[in-house]
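Below are the structure tokens for one structure; questions will follow.
To keep things simple, chains are lettered A, B, C and D as they appear, and every chain counts its residues starting from 1.
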Amino acid sequence: MASLNETGTTVRAPRAPWLTLKRRETIEGWLFVSPTLIGFLIFFLGPLIAVVFYSLSEWNLLSQDTTFVGLANYEDALTQNPDFWQVIRNSVIFAAGLVPMNMALALALAMALARPFRGVVFFRTIFFAPVVTSAVAWAIVWKFLLQGDAGAVNQMLATVGIDGPNWLREPNWAMAAVIVTRVLKMVGLNMILYIAALQSIPRDYEEAARLEGASEWQIFRMVIWPLLAPTTLIIMVITTIGSFKVFDHIYLMTGGGPENGTLVLAFYIYQQAFEFFEIGYASALAMIMFVIVLALTVVQLILRQKGST
Amino acid sequence: MALSQPQLATVKRTCWMLSLVVVAIPFLFPFLWMISSGFKGPTEIFGEPTLIPRTWRWQNFVEVFDYQPFARQYFNSIYIACAVTVLTLLLSSLAGYALARMRFAGAALLMVFLMSALMVPEEVTIVPNFFLMKWLGVMDTHVPLILLPVFGPHGVMATFLMRQYFVALPKELEDAGKMDGLSRVGIWWKIALPMSRPALAAVAIITFLFSWNLFLEPLVFLSSLENFTLPLALSNFTDPYGAPLWHLQLAATSLAVVPILIVYLIAQRQIIESFAMSGVKG
Amino acid sequence: MTRLTVRNLTKSFGKIEVIRGIDLDVADGEFVVFVGPSGCGKSTLLRMISGLETISGGELWIGDRKVNEVQAAKRGLAMVFQSYALYPHLTVRQNMGFGLKVRKESPDEIERRVNEAARTLQLDKLLDRYPRELSGGQRQRVAIGRAIVGDPQVFLFDEPLSNLDAELRVHMRAEIAALHRRLGNTTIYVTHDQIEAMTLADRIVVLRDGRIEQVGSPKELYARPDNVFVAQFIGSPKMNVCPVEAIRSPLQRAGFSTGGATQAGLRPEHLRIVDEAEGILCGRVSISEYTGGGALLHVELEGAPVFLVENSGDDAPQPGDIVHLAFSGSDLHLFDAEGRACHREPELA
Amino acid sequence: MKKGGLTMTRQGLFAAGVAASALLAGGASAQELRFTVWTGNDAHLEMLNGIAEGFRESHPDVTVRFETIPAGDYTQKLTFQIAGGNPPDLGWMFEDSIPAFIAAGVVEDIGPALRETEGYDLDDFSGPAMDLWSDGDAVYGIPFSTSPFMVFYNKDMFEAAGLEDPLAMVEAGEWTMEAFRDAALKLTEANDAWGFEFKDGEGYDSRIMHAIMPPIRAYGGHAWQDGECGFDDPKAVEAVTILHDMIFEDQSIVPPGEQGDFFSGSAAMTVNQISRASKMPEAGFAWGIAPLPTGPAGAAPIIGQAGISVFAQGDNKELATEFAAFMTNAENVEVMAQFFPPARASVLDSDAFIDANELIPAEQMAHVSDAIKQGSVLPSHENAPKILAAMKPRFDALFRADADVPATLAAVCAAIQDEL
């Protein structure tokens, strides 16, 4: 082999001494990650830092006037603006309604569909279908279905003698409606995560428990639920953070109304930034959102640590 | 009075299936109603609710294209999603491979650094990105809609997904490639990638859908109708005076959703697994 | 033509040193086996030689070339991996020709060399199959075939037989030995199985904790281990070792001098069951394991740990029996307090 | 091309600007004006392109590109374009957004240029119509559409309810809020339809002001004046209470969340602009248009306006101003009158306008002309987006059956006072 003979090697042998194999690996490694890293710095980290500075200024988008105002935007949000606390309240209600409902339904469906039976694929496919559907389409269709008396939902309720509320026109019903329809949209994802977790639990455990005379509920409570704990935690983190990010669903279904009853943080930020062009205030809100999500994540990670020890 | 054991089992199973069917209704019904209403006229749409339209108004599907440059918008969504998918596959597998396999100074720190992105909602960075895009002069173009998903939290998620998969691949194959004289890029391209088809497919599927369904970014960055993507176009079926055109909107929504649903039905196993993979590892 | 020289080679991962100064010369055409318990660094050492692992310190020479910073593919080596590492998406033919293709050999040349290697290894009929369609032994042969088509100066084997069943392992062992005789390449072979090491090696390198314990021919290692570790590692069942104190009086009675030794070692196969009169050591059989050709006895000596004794023939003593053991002086190994062998003047008659 | 050149670098931008003005001075090279509009209607665009074609007679190298931005997002997207450094040269402006644009200094004062333009006659535009668009001598836009809100009514349903035709009531001076309420109730009872639908059914969402302002003004109230909120004024409260009663007591107005489209025959009356008459031929029932009902304060016609403005950051301001002048000269205003009621007195009085809309009989058209002359626009404010957003949730509370009207209106005032 030509490249391996003696003459070939002596030609090749001299090499810049600094390019050791180790250095080479480091250089190659950074080259491999550099496209992702550079893009990440420009389009993610840079903007994240910029938000901090924006949040310290008053900035009108149209006239491009900026003034440094220190922490005034934060002060405005936390102490002055009554909308802010309503927004926080709404966001918390949204999360507090969505997360448990989503997880409970997901677990119930997963328990029902984890083991094969005739039609299991059919049901899994149906429950998962909204996940692959665009949130915009889902929101549009549900907004249509939830119209007052003319909407399909109330028409159907009327046939069984129920006078359905004007769903998207009354603050509490509207909040319930956006939560439930969002759960319907996303529950399939958590369902399959639970199914995957359930299927990875060896049947031996369950059978051993059954031999010892445990009831179905006891098996679930004492065997399956503890084994699902890591999955439950991951799902909880994902779903909670996800619930704070929901924008399109609200934007299209209620536009934050009625009576600001569904005005959640993500939508509020958008509104301040891109409808009222209050860049500084919107950036302060964005920072607050960042801190909330960060805190939630940290809390849940701590729980996870505690759970595993 | 007393039912025999097999009879009891049948009754139980029937009840079981029945309850599943009831639960399935709110999942299935919106799709049926959407398609059915897409065929109804503006008056019938709010009349007595029927699943089968009294008159099939096919012209809705023609008017959709008259009302907006809907074909163009459809194409925009497809090509943007393809571009995002290809770029994400390329970059996430490159970076994911390096993070999985190469021992280089700073790699561990880099991981933590990138990981932090997973916690930050897009809403937080959208405002500065608006000004960044303005500075780059790409407002009302598709550039932001391609760059932001590729380099944002979704791209990071894809990178981790690829990394997790690469870590689990047998390392000796790559050693063999090294002995055979492949460069790093060669090993990545000729050995690691061909063996990672399931992970690549998963990333491709979730990335395509992510881009396809993107709403906030198009809403912020696009202004002219012919640049709109589907989600934005769907939310825009109002008459020139702001009144909603439900029949057209639902027809257009059907046009946007049904192809995806068909692909989903054909490849549901693969698609569901892809999401399971990303959920567990991402 | 291809010597391999290792000088004070070290490797550390962070603060942990896994190879702690290895010196070794491998002659052209020699078959050297690295052996040692798991975690001894033998695979790391091989991977450092191959270029898959970077070198932290010391020098590595292949022929006249220092290759510390030469990339793996340019060192003129070929490697056979434990898992065979066949590319699942390529056929046998493509697998074997892959390295040549990467090195931009002409297709004709690749074809010729692959065919030649396939003939040598009787793979002709399998060339168009995919790895998943092959048996373990066939995969092993393809992996070897891939190594030889490149005509390397040095062959490296990383535990190549550990994934095969016992029968096939014996067979492939013989094949590898035959191949080495035919090709005559310098070969370095890593295994944890001392029988493989004994049967294949010209020289064995015994490693422990990143250091060489002893280098020598199989015979040397067996007959004259440098220390307790090597003594016990080489040979199966392993050598019985006990404090000299425990058997000092029987030894003295039999006329063996122990000098300053603190430990004594005797291989099970060197202990014979004899009549009481001839016996040097005496003990009670606690367990008798029938092995077909004979039995492996666990004998409790007085004041000493259990000794293993190999007994051939059918008339093995039963548990509970008292047996008397004898051995020749040349089979008695003595070690000092640190475990180093005390080399006595041969007392061989 | 243009976009790329503009955005490469600051120097590039500057160079392009210099080059552009040099070319403009020479007047010899091809130029494009970008003009944002919110209509996607083919007939509208055809007419606009026709006007642009006419401009080429004096400016052979100038093309005008009309870019459609959906009406719902128009102001937002336009703001993005301007803030994004990619402003159009000219654009249509909504009446509710122009004050903010003037305040931000992003629309050009074209007054001096218009006065210098030969034969333009700026004073032909009626004073009230220009109010919103000018400040002293400065002119920030020219209204191209000044369209009054009229009551569209379904004659067939009026007959079925045995009611007198609204036009006759107008003649008799009886077309008051009480008559209107009474009619709506009777229409609802007599027909399988709602009596009245707010403008485009959006009276509870994007058209709140269109829904409440006509009665408020008819009762002598106002939304705000000189930084003071007027919604909690007793006159306004009285007017809104009537609406509330109509919705929830009489149930004669399409309530929130329900559908009752006038044009498809499920409501007997609505309020809209005459451009909606284009929807009538396919409606399949006899119809007419009448002025808004009067109240204790007499008639209070309300007009909707849209104007044409030149953007201060555009590269071709002079040329854009010339085009704006050309587009709103008497001749072209007459052309546009087929779709957009004009604000030029000379055109308004002409037979050309009275006959312009073939769907509407001349005597009804006369009411339109009157309304244009006397009408005033909806309340505007430079903080309009925020005011509307602050009002919205409180009005959501108003449009519920159990709402306390005075209290909710007081809450509206409390919510918007800061922005006023």
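To be clear about the criterion, contacts are C-beta pairs under 8 Å (C-beta built on N, C-alpha and C of every residue); 3 or more make two chains touch, one makes a residue touch a chain.
Predicted model only: the values in this text are computed from it and were never measured.
Trainee: Taking a step as a move to a touching chain, how many steps at least join chain A to chain B?
Mentor: The fewest steps needed to get from chain A to chain B is 1.
Trainee: Tell me, please, which chain's centre (mean of its C-alpha atoms) is farthest from the centre of chain D?
Mentor: Of all the other chains, the one whose centre lies farthest from chain D is C.
Trainee: Which pairing of chains accounts for the highest number of C-beta contacts?
Mentor: That would be the chain pair A-B.
Trainee: When the C-alpha atoms of chain B and chain D are each averaged to a single point, how far apart are the two points in Å?
Mentor: Chain B and chain D have C-alpha centres separated by 40 Å.
Trainee: How many Å are there between the centre of chain B and the centre of chain C, using C-alpha atoms for each centre?
Mentor: Chain centroid spacing, chain B to chain C, equals 55 Å.
Trainee: Centre to centre, by mean C-alpha position, how many angstrom separate chain C and chain D?
Mentor: Roughly 93 Å separates the two chain centres.
Trainee: Among the residues of chain D, which ones contact at least 2 other chains?
Mentor: In chain D, residues 80, 83, 259 touch at least two other chains, as defined above.
Trainee: Indicate the residues of chain A shared as contacts by at least two other chains.
Mentor: Each of 25, 147, 150, 274 in chain A touches at least two other chains.
Trainee: By residue number and range, which residues of chain B touch two or more other chains?
Mentor: Within chain B, the residues that touch at least two other chains are 46, 130, 220.
Trainee: What chain-chain pairs meet the touch criterion?
Mentor: Pairs satisfying the touch definition: A-B, A-C, A-D, B-C, B-D.
Trainee: Which positions of chain C touch chain B when the two form their complex?
Mentor: Listed in rising order, the residues of chain C that touch chain B are 47, 50-52, 71-74, 77-79, 81-89, 98-99, 102-103, 146, 150.
Trainee: Looking at the complex, which residues from chain A come into contact with chain C?
Mentor: Those residues of chain A that touch chain C are 1, 3-4, 6, 9-10, 12-13, 15, 17, 19-22, 24-25.
Trainee: What residues on chain C touch chain A, complex-wise?
Mentor: Those residues of chain C that touch chain A are 51, 54-55, 63-66, 68-71, 74, 76, 103, 105, 150-153.
Trainee: Show me the residue ranges of chain B that touch chain D in the complex, using the header's touch definition.
Mentor: 42-43, 46, 67-68, 130, 133-134, 136-141, 220, 223-225, 236, 238-243
Trainee: Using the touch definition up top, name the residues of chain D that touch chain B in the complex.
Mentor: It is residues 3-4, 6-8, 38-41, 67-73, 77-78, 80-81, 83-86, 200-202, 206-207, 259, 261, 264-266, 276 of chain D that touch chain B.
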